[in-house]
Amino acid sequence: MTIFEDLESEVRSYCRSWPVVFDTAVGSRLTDVDGNSYLDFFAGAGALNYGHNPPALKKPLIEYLQRDGITHGLDMYTRAKGEFLKTFREKVLAPRGLDYKVQFPGPTGANAVESALKLARKISGKEAMINFTNAFHGMTLGALSVTGNSMKRGGAGVPLVHATPMPYDNYFDGKVPDFLWFERVLQDQGSSLNEPAAVIVETVQGEGGINPARIEWLQGLAELCRRHDILLIVDDVQMGVGRTGPFFSFEIAGIEPDIVCISKSISGYGLPMALVLIKPEYDQWGPGEHNGTFRGNNPAFVTATAALREYWSDDALERSTLAKGERVEEAFNKIAADTRTAEVTVKGRGLARGLQFADADLAGKVCAAAFERRLLMETSGPSSEVMKVLPPLTITDDELEEGLAVIAESVRSVTGS
Amino acid sequence: MTIFEDLESEVRSYCRSWPVVFDTAVGSRLTDVDGNSYLDFFAGAGALNYGHNPPALKKPLIEYLQRDGITHGLDMYTRAKGEFLKTFREKVLAPRGLDYKVQFPGPTGANAVESALKLARKISGKEAMINFTNAFHGMTLGALSVTGNSMKRGGAGVPLVHATPMPYDNYFDGKVPDFLWFERVLQDQGSSLNEPAAVIVETVQGEGGINPARIEWLQGLAELCRRHDILLIVDDVQMGVGRTGPFFSFEIAGIEPDIVCISKSISGYGLPMALVLIKPEYDQWGPGEHNGTFRGNNPAFVTATAALREYWSDDALERSTLAKGERVEEAFNKIAADTRTAEVTVKGRGLARGLQFADADLAGKVCAAAFERRLLMETSGPSSEVMKVLPPLTITDDELEEGLAVIAESVRSVTGS
Amino acid sequence: MTIFEDLESEVRSYCRSWPVVFDTAVGSRLTDVDGNSYLDFFAGAGALNYGHNPPALKKPLIEYLQRDGITHGLDMYTRAKGEFLKTFREKVLAPRGLDYKVQFPGPTGANAVESALKLARKISGKEAMINFTNAFHGMTLGALSVTGNSMKRGGAGVPLVHATPMPYDNYFDGKVPDFLWFERVLQDQGSSLNEPAAVIVETVQGEGGINPARIEWLQGLAELCRRHDILLIVDDVQMGVGRTGPFFSFEIAGIEPDIVCISKSISGYGLPMALVLIKPEYDQWGPGEHNGTFRGNNPAFVTATAALREYWSDDALERSTLAKGERVEEAFNKIAADTRTAEVTVKGRGLARGLQFADADLAGKVCAAAFERRLLMETSGPSSEVMKVLPPLTITDDELEEGLAVIAESVRSVTGS
Amino acid sequence: MTIFEDLESEVRSYCRSWPVVFDTAVGSRLTDVDGNSYLDFFAGAGALNYGHNPPALKKPLIEYLQRDGITHGLDMYTRAKGEFLKTFREKVLAPRGLDYKVQFPGPTGANAVESALKLARKISGKEAMINFTNAFHGMTLGALSVTGNSMKRGGAGVPLVHATPMPYDNYFDGKVPDFLWFERVLQDQGSSLNEPAAVIVETVQGEGGINPARIEWLQGLAELCRRHDILLIVDDVQMGVGRTGPFFSFEIAGIEPDIVCISKSISGYGLPMALVLIKPEYDQWGPGEHNGTFRGNNPAFVTATAALREYWSDDALERSTLAKGERVEEAFNKIAADTRTAEVTVKGRGLARGLQFADADLAGKVCAAAFERRLLMETSGPSSEVMKVLPPLTITDDELEEGLAVIAESVRSVTGS
């Protein structure tokens, strides 16, 4: 491990909580160089919804490499990209009746967000954005300007302007009508709100603390945007690709965002890839107006295509995710009820779940106790007060139970309950 | 090809010049779905310095995938990352006497630039930046703010502020002393220049039109930064990893930038990967202060390690690149001399070379004529006035001659010379 | 009048509602060039609290000019400035137990606001500001950035950033607890609010529609600022100098702002003059760090001194203002009750009073009807929905009754009630 | 003097150099409370071009006050404003063949500049501005953003963006062709210059160090603006109203700026007043889009009218100013020649003149030595290296000689030459 401490920047983070050297990984398990096995309730921060190295994707990936399929393609037409596009239309867009143009903006979620913001500004001719409290959209300057966390914002080194925060769902525990403030400042010609180009929203805030927005709130937001001629951008980077059950997390609300950001699990194999989905009337880009060297990561297109075929040809994965999510919720409710010595709140949707501790420090301690038991989880929320679980959607029931038992035990050990 | 026109965003660009569907690629050759072969003088815009799918990298990559090496690792310690770091120190840093901490900022050049700018602002407590005329640093908001091209800047949709441009080397054809304006506004307390945190510079501007800065200009810049306590960031995304001969393009000037951005060819296989190199005293990041989901692309670490071992264990590649570069220059000089009907200027360094046409339209026409002859090249420069060639460094002499002959013929056919 | 239409810019405004050429004015009456007399319920938008050309000020002003007292003094020490400072301390600061340093920032309210914002940023090292919905603080770039009106903001031509609006008192008709949103975003490390240097507030919003903040709201705001280490700036440009009764409008809340902006009626004679009052510990200006050519308008110091002596040596003016204010309120309540055909709301404090019409157009029509009857009033509010009255505090009871009768008649004539 | 030290903010500045209390003033002389007389080579920083309290203006001013002419008029039509406009057309615009609309933007130069910038942005739809090295345009946020001095800029507390500095005339001592850099970045689509709405320029930089731009440079600038469709704003706040000889300082170049800012000496009596002159086709303001409480300072209109009649009915003042300016130049040349122990440069135009000391500290010392001899002068320039003289244009020849003698003696005493 000396090499990391000697040579890698102080910016490194996860390795500080998990000071081991990982080597291989399959499904929901990682193995370190000493042969120890770890159960993964973290899934690459949501980039590994199908687990590590899923065989149905690994095979075509290796075949593609072996036959010297093009690796790096920028935005050239390639067979692999064509097949991805066809499959994406067939398995994702068409069955849901969605009509989107697909942009490959560079292979990260932040790239997708940066593209979405630029496009929304171009379409509307306005520069202002609305984001939500506790939003997370990325670490590049544009994405950071719509991100909530003050430590991360502080890293910008320039004032982050052009975005005004609005309260996310449940910000006042239901005591204030939805969008009261937002509607008022939009209607009031004297509010000093800069007229917004777009709203950017996550349907469940992952980094923000596993905060799910209610269906009616999402519908209200879409309706507000329509009434006020504001573009609606859903950042589905972490919650899309099945994390909450359906392929797109916003499907449950029956809304159709103007722009959708997709990344993390879209390649299915942890390979860098991102998409921006754009309603056809808003595809107002000029050629090359946004680009990026790695926007044509063809091995990722290959695994993405295989993943869509494997997991999205029927609704089995969606149903299984919902069932597993309910099982986690049930187990978490029991933990919350059993924990007498600390105040614990159960949060989440699908397989994005959290236990929020009134005493914020406990969340990190529970994660540490779980790591001692070889279970990987991280915290989230503005004060790292939420123990966050994002297991692979493909986790087996046994693995799920094993992990839930470790969590229960870790909570007990930390809280003494 | 219908699927692309139907479904892909209008932002797509290269495919408009090269309307074929590529399928496989090896070395300096791509093959389309109809079996046609193309010679590559473009090399993934500099991301494929070792050509397509180099066997010495392909083998360990496939082995890594086959043994289920971890694919997606964020900033966890992994065996693959450890080996990359050791190899990078052994093959790159140590032999050059360079002492840098290594940050993995997210897998694109723009991520590296965004990190570098954030870090420079954090270190200095200042927000202003100096960039150069015709610079290109990326398309995310921070990177775009130091990029010169007005069309690309226009895409931002917000005023791009916080950076002031300075004239790049030769901006006045040598008629004005180096740094006359820059020194003067720094010294003058009344110049209205916001005191800069850092200067960001490319040693050869690729997108800007294949403009190489002279050694003494680079040295002068480094010296100016030292005198005025300004951080020096070299963006070596396109010109690093051997493109101009040495591993780092700035080696010829004997300077040591405070921060270096590396991406494109670092993985060697066209896989997304980027580095920020930071002088140890400036590694002032807090844990997690900059991050990104795909900053631990372990297959890319594997190919990067293999590439360093294969190509940078001795100086063969560097010497060969310089020799090939001279051959291109010689051939270009002959073309320029033979072209009586148009004004042509030869530009470049190493294997980053260009032919600049006084009549800007000719550059694109020559590229189109070359594509008809199945040679891939693109234009660069503010008016797309430069025919830009970036062949794989590993191109064979025969391929190089073949391509140069196509270029000569294409220029003749377009200019009628 | 041709000369104005021929030569004056289209930006001219009041003259469009009152298309006559005024010549002389005394007390609450103006006379036009045709000898017509107008009753003034407008008082120079609050700059003429003692009426036009009050004799007690006119005499020393003319004497000062006759004896060639210095007119233009920048920030040189002058006898006239010294006398003003002594009198201000004796008549204003000392009796109220207030300890402020006095800055002469340039002779307009906008100058005072610009100074206050600059100083607050210097003190705190933060750039963000909190302003309130429907605030008005001036038309220069800094002042405009904390002003609410969208038409006026649009005039900036650059994005107005660095300020985030918060709901003013009663913004939700009392249905939401005070400062619910403000407190929440301050406490939440993930709210994306940029940590503010200062809050700038009017105790009664004049341009915003004659909106008085409750005493407990002002106290709550002061207390919130103290708890969160945010500077409190009261912009008392329009409501200070007795407009609401006491010299400072914030006296009724028993709060002591860190910085106070004073202008409009401070000279007492309609001469340009402004003050910034600064708690001694926050007087962190360097010499000349803010300046302005006309910051030493000595004739204004002379009239200001005379005004303080004349009107603030006892509490007669304050009591009279309160009494007249109550009389206006009573009359307005009757108008509101009598107006059956339109929804009218009575608003205000002291002698800043308004009638708000649910049908916004009516406010302007009533003002026009009053002008036909030779009474001067203007509208305010984001939709110009408020008929605003700011009579001279020195208006006689007869004049007040005369004006109120005209208003009642004008409302009747417009609403047909 | 205790009252000032006790009560006035630390921001006070001139009084630190001149620690006496002034009382009265006539013509070129001030008198302090102890009866000492001072000769004024400072003239209210250019606001007293006709000296203190000129009798030809004092009389109508007092008469106006005595007959209760309206004092405070906002933008109402008043007899006094009408007379000013007529006189301004007759004495200033018509004889020079100039066609401008007149805006009264608020009574300070900074207000005029803020208006000009807002209007230029509105007209062009662009936000970027070009300013010049060592420019001074005011201390409010918009004006400060185009001002050069780093101390003053630092006071803003927010990054000053949206303006890019260009080299003023002679910035490189004539070694670089005029506008080389400016033209190049405008023509180059890759320069990263944000396309400018307008250029703002002083014909002679007063605060910047008494730097006169050559006629051909001003003409070249006007021509460049025309070619590139950039609005030209001349800030004639300090150099207008005869300071350099003609009424407008730009007359000598035969150019017609699109927008002109006028203030300081326009009222003639040191009363706050400012104008923005706008070419009719650019008078695109909406009613009330820019305003200010004191934009109708009617006593200033009265003195301004009297001043135009008194001083601009023939060319006597202009000729006298030029003659006196030449006399100052002659005397300064002799001082420079006689000063063996220090390097002194003579600068200026008309009655804006300076002695620049290579050893910057000497300028302040000479001013201090002159003050001991009861002559008022200040320094300017980025390092306060210029002894700046701005005598009243109406100074008598004897007074001028007296002052020049004091200067010569002060230089000798300080330099020991």
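Per-chain residue numbering starts at 1, and chain names A, B, C and D are given in the order in which the chains are listed.
Here, a contact is a pair of C-beta atoms (placed from the backbone, for glycine too) under 8 Å apart; a residue touches a chain by one contact, two chains touch by 3 or more.
Here is each chain with its UniProt name: A, B, C, D = Diaminobutyrate--2-oxoglutarate transaminase.
Computed from a predicted model, the values in this text were never measured in an experiment.
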item: Pair of chains joined by more contacts [C-beta pairs], B-C or B-D; value: B-D
item: Chain located farthest away, centre of chain D as origin (C-alpha); value: A
item: Gap in Å, rounded to a whole number, between the CA centres of chain D and chain B; value: 50
item: Euclidean distance of C-alpha centroids - chain A vs chain B, Å; value: 31
item: Distance between the centres, which are taken as Cα means, of chain C and chain B, whole angstrom; value: 58
item: Residues of chain A touching at least two other chains; value: 127, 151, 158-159, 162
item: Residues of chain D that touch chain C when the two form their complex; value: 1, 3-4, 7-16, 18-26, 30, 33, 44-48, 52-53, 58, 61-62, 65-79, 81-82, 85-86, 88-89, 101-104, 106-111, 114, 117-118, 120-122, 127, 138-143, 145, 151-152, 155-159, 162, 197, 237, 263-264, 269-272, 276, 278, 283-294, 297, 299
item: Residues of chain B touching chain D in the complex; value: 127-128, 131-135, 146-151, 153, 159-165, 167, 171-172, 176, 180-181, 184-185, 188-195, 208-209, 381-383
item: Chain C-touching residues of chain B, taken from the complex the two chains share; value: 158-159
